[in-house]
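Chain IDs A, B, C and D follow the sequence of writing; residue 1 opens each chain.
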C-alpha cells in the first residue's frame, strides 16, 4: 500500500520502518526533517509537507498531543485539506475523545475515512513490531487497513465502530497503569516503613498474584527509586489522566481513582517533579509516611 | 515431623492433606469435628481438643479471623498453655499485625517459638500444594519448619525476622487486589458507558499490559457480573482492608487508596451486598455512572 | 455616571435597578428584550444592541457563563469592539480565571479598562442592595467605579490588582459552600441513621459552632430534603467546581475536596439530578449509607 | 444537689466551679490532687478516691479519653461499683459510641442511671458557663439533672433517649470542624498561590457567607500560620476523627471526608506535627501546592 507517515518520534520511526520492511511504500514527514533522513535510508520517500504525505491511499499519524494532531489534520495545508476523497487517515496518537470526535466529523464531511488506532507498547515494542493495536472505525475501512496493523504490531483488537472509543480504551489503559503505580507506592511505603525490603517485596508480588509487566516495570522503578531518566514523564502522566477525566465527565462517569491520581500528579509537578518518570508519584506516599 | 493442625476449613483441609501425603504425621483438630473425619480417612489422628493437637514439635493454625486465632492460642487450654517449651506455632491465618505481635510475645514468654506463615492462593491452590508461603520469624526456627512449607506451597518467601511483617505483607497483598478490583470497576464503567463490550475490554487488558491472574480473575467476574457465589465475601474484604488500615495507622502511613476502598465496602454492605464477592464493589462504579 | 448594563437575569435586574435608584443613568441590554421593559419602567433607556449599551463611561455585565461573557465581550459588535478608548468594563459574572485573563488582555490592547467585580449573594440580596462585591483591577480604575459598587452592595472587598483574582476568590467561595453541603450531608446521614432527628441536629449546629448563613440555608434544605425548586442547580454547582479545579490546575494546586465534590456532582447528574438544587449531593451520602 | 465531680482539667475545673457558684455541693476528685485544692478554695469537698465522689445523687465525669473513662467507671473501686442504686452518672467526656454503649449497659445492670452530656465549647466557655450541652438519656433522668446543665452551659440540647447518640453528635461536631479546617487550608493555598493575601481573604469569608466562630477561629490560625501552642492538638484531632469513623463503620455509613481527614492527620503526625494545633493539617495543602 502507499502510506504517508507523519510523526517520526521514538514510536513513529519504528512503526514506519516496519511498514517499509513489509513492502509498503512510505512517504515520511516530520516537523524536524532530520528524522526523515534515517527513514529514507531504509527506503522511504521524503515528504516535504503534510500535503506531500497525503498523496497515497492512507496517511498514518503518530504525534505528541492534541495540539499537534489538530494542527496537522485540520490546519491549513493539513490532512483534511490534502487527502483525496476516499482516502483514509489512521490516527495512532493518544488524543482526547473530544478531538477524536471532531476529526472523524471533519473527515466524513470531506468524503474521507477516519480510523483510530492507538497502540499499547513502548518504543522498543514499536521497533520490534510487538505493539498492540487498539482499532476502531467503520468495519469496511478497518478491513482494508488491517494488513498495516499486522506489520506494526503483534495483535490488533477492534473495539468499536466509533473511532473515539479506541482512544477511550487507550486512555483507560493509561489510567489503569497509573493506578498500579499509586497502589504500589502506597504498599511499598507501608511495608518499607515496617522494615521489609522493597526490592524483595516487589519480587514476591510479581512472582505471585501480580505477574504482569506493569507491576514488574513500575515495582522495580519504585523499589529502586529510579525516576530518571523518565520513560514517560509525569507531565505526560497528568495529561493522560486529565484526558481520561475529561472523557469520563462528558459521559458523566465519576472516576474517584482518577481524581486521586490527578491530585498526586499536581502535587508532584508543584514540587518540581514534572520531568521525573510518572512513577515518581510514589515518592508522595513515602513523603506522607514521613520516610 | 509430628504436626498438629488446627482449622480444617477450605484452606486448612488441603494444607493438612498435603502434609500427610508428604509423610508427616498430623493430629488434626477442628471446632466442628465432621471436618476431622475426612482427614482421618487420609491418615491423620483425630485431636479432640486444642491441647491434643499440641503434643508434637509443631502446631500449625489456619483459622478465620483474629478472634478465632486469639481464642485458640491464648485462651484456657490453648496453644500457649499446651505446647511444650521449645515447640513451634506456625500461624497461617490472615490476622492483624497487632495480634501477631501479641502472639509472638506470649509464645516467647512461654519458651516457645512463633512463626507467621500466611499464604497467597485460593482453596484450589491449597489442595494442589501450589500456595505461596510468606514466612517470617527467627532464622533458626524458619530453617526447621521450611520443609513443611515446601510440601504445602510452590514457593516460600522469607520477608523478615519479625513474624508480624509476614502478616503485613499478606494484608498489603489483599489491599493491592482490592485496588485492582476498584480500578477495573471504574475503567469498565467508563468504557462500558461509551459502548465498548466489557468482556472484550477485559480480554484486551489481560492480553496486553495486565496479564496477571488478579486482572483475569476479577476482570471476568466484573465484566460478567458474577458476584455470587462469593469466592471471597465483601465482609471479609472490608475486614482485610480495615486490618491494613489499622496496621498502617500504627506505623503512621496514610493509604488514600485504602481509605477509598473502605468507603466502597461500607457502601456495599450498607446496601445489602455483604455476602456478594468482594469484586461487587464494581457495582458502585456502575451505579455512580447511572448505568 | 452613564452606565450600560448587560444581562438582566435574576441577579442583574436587581443590580441595575439599584444603579437607577442611586441616580445613575442606565442603558439596559438583554438578549431577550422582555426583561428590558421592566427596567425601562424604572427609568432606564433600552439598548437594542450590545454596542448601544457601550456608549457611556462604563459597561457592566452580569451573564450566565463563560460562553455568554466571551461572546458579548469579544464577539463581533461586542464590548471590546464598541466601547470607546478609556471606557471601563466591569465584569460581575462568575467566569473562569482563564477567560478573565483573556478579557483583561483584550481590553488592554483596545485601550480600555477591565475590572472584575463578582458578587456574593442571592437574587434577594441583589434586589436589596445587600450584595458583597469582590473587586480586583488597577487601583485608579477601581477608585472611579467604587461608587457603583456602593449602591449595589453592602460592602466591597478589593482583593488584588489582577482582575482574575476576584474571579478566583469568587470560585473559591463557591467551592467552600460546596464543602459545607458535602460535610452536612455526611454528618446528617451519620446521626440520622443512628436515630437523631435531622432538623433538630441542624438546629444544634447552627445554634452553636456553625452559626453562618451557609449552614443554616443548606442544613435546612438537606434536613427537610427540599431540593426542588433549585436555588442553584446541580449543573451549575458542577460548573463552578470545575472552574475552581481548572484554576487550581493552572496554578498547580491540588484540591482533594474539590476532586471529591466533582465526583459527587457527576454521580448526581448521571442519576438524573442535574436540575435539583446543588445541595442534593447530600442524597448520595444517604444512598451510600443505605438510607 | 450533691454532686461528685471527677476530672478537673481545663474543662472540668470550670464546670465544677460553676456548680459550686450555683449552690450545689461538690465532692471533687482528680487523679493529680493539686487540681482539687483550687476547687476546695471555692467551697468543694476533697474526694480522695473515686468512691468518695460517688456518695451523692449524681457523679459527673469530664476525662481525657476512653481509657480514662473506662477505668474510672468500670475499674475496681470505680463508679459502677461505688454509686448507690438509683444514682446517676453524667458523662461529659468525648468518648467513643462503643464505650458509651457499654457504660450504659453496666450502669443499667447495677440499677443506676447513665446520662451522656458532652459539651461544645473551649475552656474559656467552660469557665464562663457558656458551654452548649448535648444531652441524651432517659427523659425522667434528664429532667432531674437538667438544673445542673443549666448552670454549666448557656443552652442544653436533648438529642435522644439513647445516651450514645449524644456522643455521636459531639463526634460529628468535631468532624465538621475538621472539614472546615481542611476546606480553609485548600482554599487559602489556592488563592494564596495566586497572590491574594490570606488574612484579607479570611476577612472576606468571615464577613460574608462564613460568619461562624469556626471559620473565624481556624481561618485566622491558618492565615497567620499560628499552630503553636496548640488549642487542640493534632493527635487529639486524629483521635476524634477515628472515633467518628468507628461509629460510622458500626452503622455502615461511609464518610469520604472523614477518610480524607484521617489521612491528613496521619501525614501530619508522620512528619512530626502531632503536637501542633489540629488546624496545622492546612500546612499539607500548602506543601502539596509547592508553597
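Following the convention adopted for this analysis, a residue touches a chain if its C-beta (ideal position, glycine included) is under 8 Å from a C-beta of that chain, and two chains touch if they have at least 3 such contacts.
Model, not experiment: these values are computed from the prediction.
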Spell out the chains that contact chain A while also contacting chain D. B, C
Far-end chain from chain A, centres as C-alpha averages: D
Distance between chain centroids, defined by C-alpha means - chain C, chain D (Å): 38
How many angstrom lie between the CA centroids of chain A and chain C, rounded to a whole number? 40
Where chain A touches two or more other chains at once, by residue number: 248, 252-256, 260, 263, 266-267, 270, 288-290
Footprint of chain C on chain A - complex, ascending: 242, 248-249, 252-256, 259-260, 262-264, 266-267, 269-270
Given the complex, residues on chain B that touch chain C span 263, 266-267, 270-272, 287-290
Counting only contacts in the complex, chain B reaches chain A at residues 120, 132, 134, 155, 157, 159-160, 162, 164-165, 168-169, 172-173, 175-177, 179-180, 182-184, 186-187, 189-191, 193-197, 200-201, 203-205, 207-215, 244, 247-248, 251-258, 260, 285, 288-290
